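Each of the two complexes below includes chain A, the first together with chain B, the second together with chain C.
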Partner chain A sequence: MPRRLLLVIVALSLVGGACSGPTSGELTGIVYDEPVAKPSFTLTDLDGEPYDFVAETDGKLTLLFFGYTSCPDICPVHLAQIAEVFDQQPRIAREAEVVFVTVDPERDTPDVMRAWLDRFDSRFVGLTGTVEELDAAQEAAGLALAIREDGGEDYLVGHASQVLAFAPDGLGYSVYPFGTLQSDWLNDLPILVGLTTS
Partner chain B sequence: MTRAWLLLALLLAGCVATEGLSVAEARISEPFANSAALYFAATNHGAEPDRLLAVSADAVEETRLHEVTIDGNGFATMTDADEFVVETDADLVLEPGSRHVMLLGMRAFDVGDVVEVELVWEHAGSMIIEAEVVPAGAGW
Partner chain C sequence: MITWWCVSQEEPWTWSWTPYPGVWIASLVPLFAYLAAHRRAGRPFESKRVWAFVAGVVAFWAASGWPIGPLGAGYLASAHMLQFLLYTLVAAPLLLIGTPRWMGERIFARMRLSKLSFKRGKSLVAAAAVYNVGLLLSHAPITVEALRGYQLGSFFMDMVWMLMGFLLWLPVLSPVTEMRTEAPLGKVAYLLATTMLVAIIPASYLTFSEVPIYSIYELAPRIGSITAGQDQQMAGLIMKIGTVPIIWGTAAVIWFRWASEEARADSRR
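Entry: the complex of A and B
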């Protein structure tokens, strides 16, 4: 039996009979050995309101990604792919929350972030905060901290490039690195959205 | 006559070639905040390696060659490069997650627009390519 399939079965068995919905199928993302808890942090949404990540995403399929809007390469690919799944599968879009956290709060003002996210899907949530708050959120998510590179006004930012996925039961089962294919998202999101505690 | 057909075929394929070097699949991600990424695939059929030294376009104030590396933990780092090398009988592929030409100070363009871009190679010299503007994140 492929190791990845075994891991998925182990993961699914951990939530056991509490699951409902379509839980069959193999996840194509990188599957954790054991499901992980959602990271706990509170940042600021684009309306300036506090956003408690655990509370706001409770019961939803949640995709968490740290990036920046001047990122020409990796960030747009992830968000365009997820937006494409939303277009194709409205049910998933209704039950999901995509949370994009900036690692470049200096340039990523709320207006800039909203305009950028709207290019992909106006339902995507944008979060910002102080550098300290953003660092704490990345640490809580188990990610290496973003670093600002040299480069003057048009500086670059190194950052974690994977999307973290959490099922509606509040647990993370899989991670999506850069290079994830559209077909991977189309396969995995319907599986994850079925992992509920109801 | 044969040459004319060959030229026509190359143009239809979106491929531009000079002696020993051809470039295809040129595309620009939809600009945001006046910046965008240019991608293409170059193939070197020449007798020696070639180097991409400079990129320019009327629509762009500044260009930079960027290399992207992603480590085992998924941490992505982008760095400036002085040149991109294409070895003999090899491809140089610019695509998300590997390398791109960053276009800064770019005029607003809509998806579907075509932008003329000049590539300057050490041996192949100047080459004008046409790059279509595609939606951000498209084509992966």
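Entry: the complex of A and C
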């Protein structure tokens, strides 16, 4: 095979490699201008116990996401991405808390939520509450309130699609919109885990 | 949403059959043209060839239509790879086997390809090189993500794969026998080298990559419990070992035919 042709083939094969793969250095999520404090709210966990978000996640890398189990696209993909990254990085998974807050308390009963979250990772925490409590939690997190759309029994719920990440020092440095890749998570989670108060 | 060709969509996958008009047209037009050409030319149907041609059309239809087409266009990298194998290793060779010589001569004359020949080593190397450049380019994430989001782009990619398939098999199965490479061992070496050497690079990359490399499949609604990583590993394995039964099978047929012809020739001497 002519040498030039071989070079073209090698170069093309690298095209695939150059487009992906974990990187290192800076956060790839959407970084806040100034770090933000963890939102303060207390909801109910899936065992029916009160869950004080700030206290329960103190000192842990925390990923906070508002969604609902009947969500057709964004919620399951976000959680699947995080779960897959945790499978690859068990050390980070052990130090992290993923908190999923429903915005559809009517359909998302504790049993439904537990079964749904277990599809991804049984360590994921599910929270629910009254509509007022859930609205207050979204407001505290600085998110637009979820809106129930028309559609009969199979209604959709419009909701914020970003995952809020808080480092173990209790501050939020970045958010992760839908479209965040596993390579982004693999890059950012070790950085965030390293941001401790000590 | 009904589209004329399979394209990546953000909607969750459902197992309800969906028609793609473009796929039906692209499958039926060649079939009717094939039958009409026989009638117009007053040529008899050779049943083996007709069945091969029909099987080729069915393989094309299966690769392009529901469910493999839409799964490959936007949900599973493994289905994308299965599509590639169906086009290049099943549909294309069957369509060539099903094309009678007189029809092949006409097609090549109309396409001004009558002088195309793969008898010399150089032209075989060129065919192998073009096939492999096409393989690498069409599987590069940047290409897949740019083309699979649009019907026209998705159609273009599938057609390029069909053309690659024809190019791959012409030196071995061209309906115009003079176009083929003559040496049986040359055919075997050509097929093995063309389909198995360069393909190892992307296949290994898919299998062993730490993260999914195609964001289109990574961010697609998941199907069942298959993770994006598992899907990509499966795609790599399909690319790596999916070629084995067809290419090695073909190589074995060529080899044994050659061996038995040699044996017959020896016994005549």
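Observations
Rule of thumb we're sticking to: the second predicted complex is superposed on the first by the 174 of 198 C-alpha atoms of A that agree within 3 Å, B and C clash if a C-alpha of one lies under 4 Å from a C-alpha of the other, contacts with A are read in each partner's own complex, and residues count from 1 in each chain.
One rule holds for everything that comes next: a residue touches a chain if its C-beta (ideal position, glycine included) is under 8 Å from a C-beta of that chain, and two chains touch if they have at least 3 such contacts.
Note that this is a predicted model, so its numbers are computed, not measured.
Of the two partner chains placed by the overlay, only chain B lies in contact with A:Ala160; chain C stays clear of it.
Applying the stated contact rule after C-alpha superposition, one finds that A:Leu186 touches chain C and leaves chain B untouched. By the touch criterion defined above, A:Gln88 reaches chain C but does not reach chain B.
Of the two partner chains placed by superposition, only chain B is touched by A:Trp116; chain C is not.
Looking at the shared chain after the overlay, A:Ala55 reaches neither chain B nor chain C. By the touch criterion defined above, A:Glu149 lies against chain B but remains apart from chain C after alignment on the C-alpha atoms of chain A. In the superposition on chain A, A:Pro177 contacts chain B only, with no contact to chain C. Contacts of A:Pro76 after superposition on the shared chain: both chain B and chain C are touched.
Touched by chain B in one complex and by chain C in the other are residues 72-73, 76-77, 80-81, 119, 178-179, 181-182 of chain A.
Residue ranges of chain A in contact with chain B, taken from their complex: 69-70, 72-74, 76-81, 112, 115-116, 119-120, 143-144, 149, 151, 154, 156, 158-162, 175, 177-179, 181-182.
Those residues of chain A that touch chain C in the shared complex are 1-2, 5, 8-9, 12-13, 15-17, 19-22, 72-73, 76-77, 80-81, 83-84, 87-88, 119, 178-179, 181-183, 186. The touching residues of chain C, counted against chain A in their complex, run 10-12, 125, 128-129, 132-133, 136-137, 139-142, 198, 201-202, 205, 209-213, 215, 218-222, 225, 227-229. The touching residues of chain B, when paired with chain A in their complex, are 29-30, 32-33, 35-37, 64, 66, 68, 70, 73-80, 96-97, 100, 102, 104, 135-138, 140.
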